[in-house]
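Both of the next two complexes hold subunit A, though its partner changes from subunit B to subunit C.
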Partner chain A sequence: MAKTTLKNIHLSHFLELLRLFGELHGPVLSDQGVFSFAPLASASDLQLNYSRTQIPPKKYLLPFREEILHYQKGAYRQAVPYGSETVLFGVHPCDLDAMAYLDRVFLAEAADSCYATRRANLTLVGLSCRPDDFCFCSGPRESAACDLFLQAGEDGFSLTARSAKGEAITAAAADLLVETEKEIEPPACGSCNVLPQDPQLRFSAHPLWVKFAEACVSCGACSVCCPTCYCFDLREYPSLSGGAERVREWDNCLFVTHGEVAGGNFRATRLERLRYRFLHKYCGFTPLTGITSCVGCGRCKEFCPVGIDLRELFQDLPLDCGRTP
Partner chain B sequence: MTLLANHPDTPFAAKLLQRRQLSEDTALFTVAPEAAALPSLSRFIPGQFVQLSVPGAGEIPISPADLAHEDGTVDLCVRRVGHVTDALHQAPEGSTLGLRGPFGAGFPLAEMTGHPVLLLAGGLGIAPLRSLLLHLLQNGERFGEITLMYGAKKPTLMLFREELAELAARGGLRLYLTVDFAPEEPWGGFSCAVGLLPDLLKGFSFDAANSYAAICGPPALYRCLGADLERAGVAPQRILLSLERRMRCGIGRCCHCALGQKLCCVDGPVFRLSELKEIPEAL
Partner chain C sequence: MNRPRLAIAGLTACSGCQLTLLNCEEELAEVAARFDLVSFPMAESVEGGAPFDAAIVEGAVSTPGDLANLFRLRNSSRLLVALGTCAIFGGVAAMNNGVSTREELVAAVYGDGEKTVESFAPAPLTNFVSVDFSITGCPPEKQEVMALLCALLNGTLPPLATYPVCTECRSRENLCLLLERKELCLGPIIQGGCNARCPATGIVCEGCRGPVREANVAQELELLLERGFGRKEIERRMSRFKPEWDYGQRR
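== the complex of A and B ==
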């Protein structure tokens, strides 16, 4: 039988071994008391049972602000992103699926070179989750959108390599692994809800939209903490040397400036902006029309300062925790 | 550092060759992009847009005001209204700029062949329509009657007026000009109607059932002209609108130009009225 089980007592050794594959990052508790993906100085910093980080792992692929073009001596050139090989440990299946969605956007035709470089430098180690009241994905499950996936059980973890990188890690960790005695089952799904199956129907003129819009303060938190929101703005700054840098920054469709054009604004009201955001989220748009990018991570509900809960819209849909995505 | 000048997000270098002031705040800039840019620029279809960079200031989407020139130069009509256009208007001739594109969907020229075309331009909207107009006139035998109705706020803001008058005098173009306000001082030189574009359209008789219409102007214009044209009998799928949004990336990624589930930079900027009816925020 293949050796694919990592006992709990070997986890810290395993984490040390992961450092051979890049700078090790994982979920930690920040000074502000929120979960955050950050460098793991020591294994004791790891928050293995974290619920969700406030800022999703998209920051590893799309930093909040980064130079994408550099102008010098009469020519624009693509910037080379900073950073090196990184191993991100402990990413939940919803966040893994979210990164797979971002890959579809940024690695499609004319792949974004900064994104592609960061993506190639990133090793993703997935970890099964324990859903809480905020989650609304289709249930605890594995995600194939990683290099290596760890299914947590009582005594340890069951490892599944999902890429050549993942196989290299399990090969390097062979001494730490033991034969599987019994399959580690995903924990039973208690609280998770289900994403709507036919979202288009929910975007008709439902009175809840008005209620949401009256409460919404356009802070944009739902978009900042969304693992699949990738809207960006481009700005350019001159440098003292006579050159310039073009910078890509996260933008936010909840902000009133987002729909501005000369002489008008096509989404001037909060109702329009809120609806627009969730239309995009659940129904997709060119070229990903029809693809729901919500992964049910629950961040938008947890971090909304006025408690907007989209599940109210979806509540009359049948619960089906066993549905496969 | 690798030079990947052909990636669509990276501008080619372009030299500002000439600047011709058209009105108090608007000028026509002729730019010459480096040779590597020419293969893509030569595929320009009227209605598409390019991204013009002013190094150190930023980038703006502009629809070329002319067809692709054989020497590779591009004419861009730009009003001085903001940060980037300010910097452009201050740039001396010979400055290095950046250019990438063209992007998006232009006017469906093949489909329009054989039909009369009515162009309706408001203000700066004449710029994108000028490239369409020049294409239609160059290929006049392939199209039906060509009409341009052009409205500006006041006579001094009417762009390309002499050129348009000359094209009309050569035949092949029916030209109607109007200004919103007649100045108290006599402006001399040309005659035009006083009133809004929809007023001009009201008294106009044309083969509506067989016509294509192309509209470009300020947002308010689309709402009334689209309905007026439909009432006159033009099919909504033949009413073509060149929409304005703040396209940042131009390649369908930044989401800044979204209207409903469409993106202006990829699906547009030229849309059919029939496509936009279901999108409440489009017009």
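== the complex of A and C ==
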């Protein structure tokens, strides 16, 4: 039997070892009392039992605001993100699935160079979790979308390497790992618990559409905090000395400006924008048609100031998802 | 390259917006080299000197002198830019417009002196002239003022952020003061671009930048009422930087 179990007492050693693979980041509690992914100065800062961070790990791949092009003296050059190896520890399965989705968007043909650079520098160490009231998922599960996954048990973690990087980590940690008679039972590698919806559902006569459209304050929290929302705005700013920079910044489909073009707006009302959000989130667009991008993390439900939960618009709830409308 | 001719002026205000420009210390030498600062009374260049490529105007209109000044600037400038909350919404000087009469306010401030200043209820620039561009804030953010100047230099106007304070506030991973602390935070309906300066330090958004373009005022009002704030207290807070709101507005 392979030695794949990390006892709790060895966790801090294991974390120190991870520092050999890059700058170590993980879930911490900020001074304001907000869970966030941040550099782990000390193992004692780690919040192993965190529910969810306010901002998902997408910030490591797609920062809120970044320069993507620089123009000077008649020529453009692409911005190159500062690249340092980062190990992100303690990412829950839903957030891992979310990053796998972002990879499909940004690393498909004509890969986004800023994203690709950051992604190549990121090592993901997953961690099992216990769903709370906000989660949309039916129960604990594992995700293969990482380099290494830690399944928490009573007195330790069962490690599963999911990539060459993950194998390198387990090899380096061999002295810390032990063989246990009874391996911690890994739950099934389930996928997203929110199943793809029929695109026609966005035109349903459900009265909640209008109610939500009236209540939405267009604050942007749902997409800022969503691990798979990647819509962005591009703006160009000239400088005093000539030249200019092109900036990419997170956008939200519920903002009036999102569908605005010269001469009009594709989605002038909030109701149209909600339908559009539903379409993108739960039905998918080309080339990801039929692929839901909701990974069930529950952030939109927790952080919406007016309690909008688009899933309430599903008329027929899938039977296997273990939840009630 | 032509040096754009600028007029920078203040009406009824605290001069803080003009000061924001003067506080852009790192860029000032370059600004002076690239622009012809024809008229900037606060920084002691001459008054007059029309025509201008752009007039950047701070403050509300509340005296006949303000009005004459504003008309002169509008008539002699290709672009007129409202700089700061007072110029756009009336600002702090206008907060009592709907509460007290002008006579009461003048008497309270100047007492029974022999001379009183001739004045009327402070009003935004758009009540009197057309405005080509606005930079909000009390005071505006340095980088937005600089973005304006850089754009003017290139013959255009800058694309400033149009989302509410919450967007930047959440992105900075601040604790939500409205949701978690149940405080009277105006973030959802207030124009962002300030990088959530106040909530980041634990102070609620008091709305100094005025309403976001599609402010759901009615819903924000409901949210605050649910949290136990009185209608009067909410209206008082909301009118601090903009005297009149449509409390039934949802978009």
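Some points to look at:
Just so it is clear, the second predicted complex is superposed on the first by the 291 of 325 C-alpha atoms of A that agree within 3 Å, B and C clash if a C-alpha of one lies under 4 Å from a C-alpha of the other, contacts with A are read in each partner's own complex, and residues count from 1 in each chain.
The criterion applied here is as follows: contacts are C-beta pairs under 8 Å (C-beta built on N, C-alpha and C of every residue); 3 or more make two chains touch, one makes a residue touch a chain.
Please read these numbers as outputs of a predicted model, since none were measured by experiment.
Contacts of A:105 after superposition on the shared chain: subunit B is touched, whereas subunit C is not. After overlaying the two complexes on the shared chain, residue contacts for A:297 are found with neither subunit B nor subunit C. Which of subunit B and subunit C touches more residues of subunit A is settled by the count: it is B. In the superposed model, A:34 makes contact with subunit C only, not with subunit B.
Legend: residue contacts after superposition of the two complexes on their common chain; A:238 is shown touching both subunit B and subunit C. Contact with neither subunit B nor subunit C is seen for A:176 once the two complexes are overlaid on the shared chain. In the superposition on chain A, A:75 makes contact with subunit B only, not with subunit C. In the superposition on chain A, A:269 makes contact with subunit C only, not with subunit B.
By the touch criterion defined above, A:252 reaches subunit C but does not reach subunit B.
Residues 235-238, 244 of subunit A are contacted both by subunit B in one complex and by subunit C in the other. Within the complex formed with subunit B, the residues of subunit A that make contact are 68-71, 74-78, 80, 105-106, 110, 112-113, 230-238, 243-244, 246, 251, 253, 258-264, 266-267, 272, 276, 279-280, 283-287, 289. The touching residues of subunit A, when paired with subunit C in their complex, are 30, 32-34, 36, 53-55, 64, 214-221, 224-225, 235-241, 244, 249-250, 252, 255-257, 269-270, 303, 305-306.
Contact residues of subunit C toward subunit A in the complex are 27, 30-31, 34, 146-147, 149-151, 153-154, 156, 158-159, 161-164, 166-168, 170-171, 173-176, 178-180, 187-189, 202, 212-214, 216, 219-220, 223, 250-251. Remark: subunit B residues 1-5, 7-11, 13, 53, 55-59, 81, 96, 98, 218-219, 244-246, 248-249, 251-256, 258-263, 266-267, 280-282 touch subunit A in the complex.
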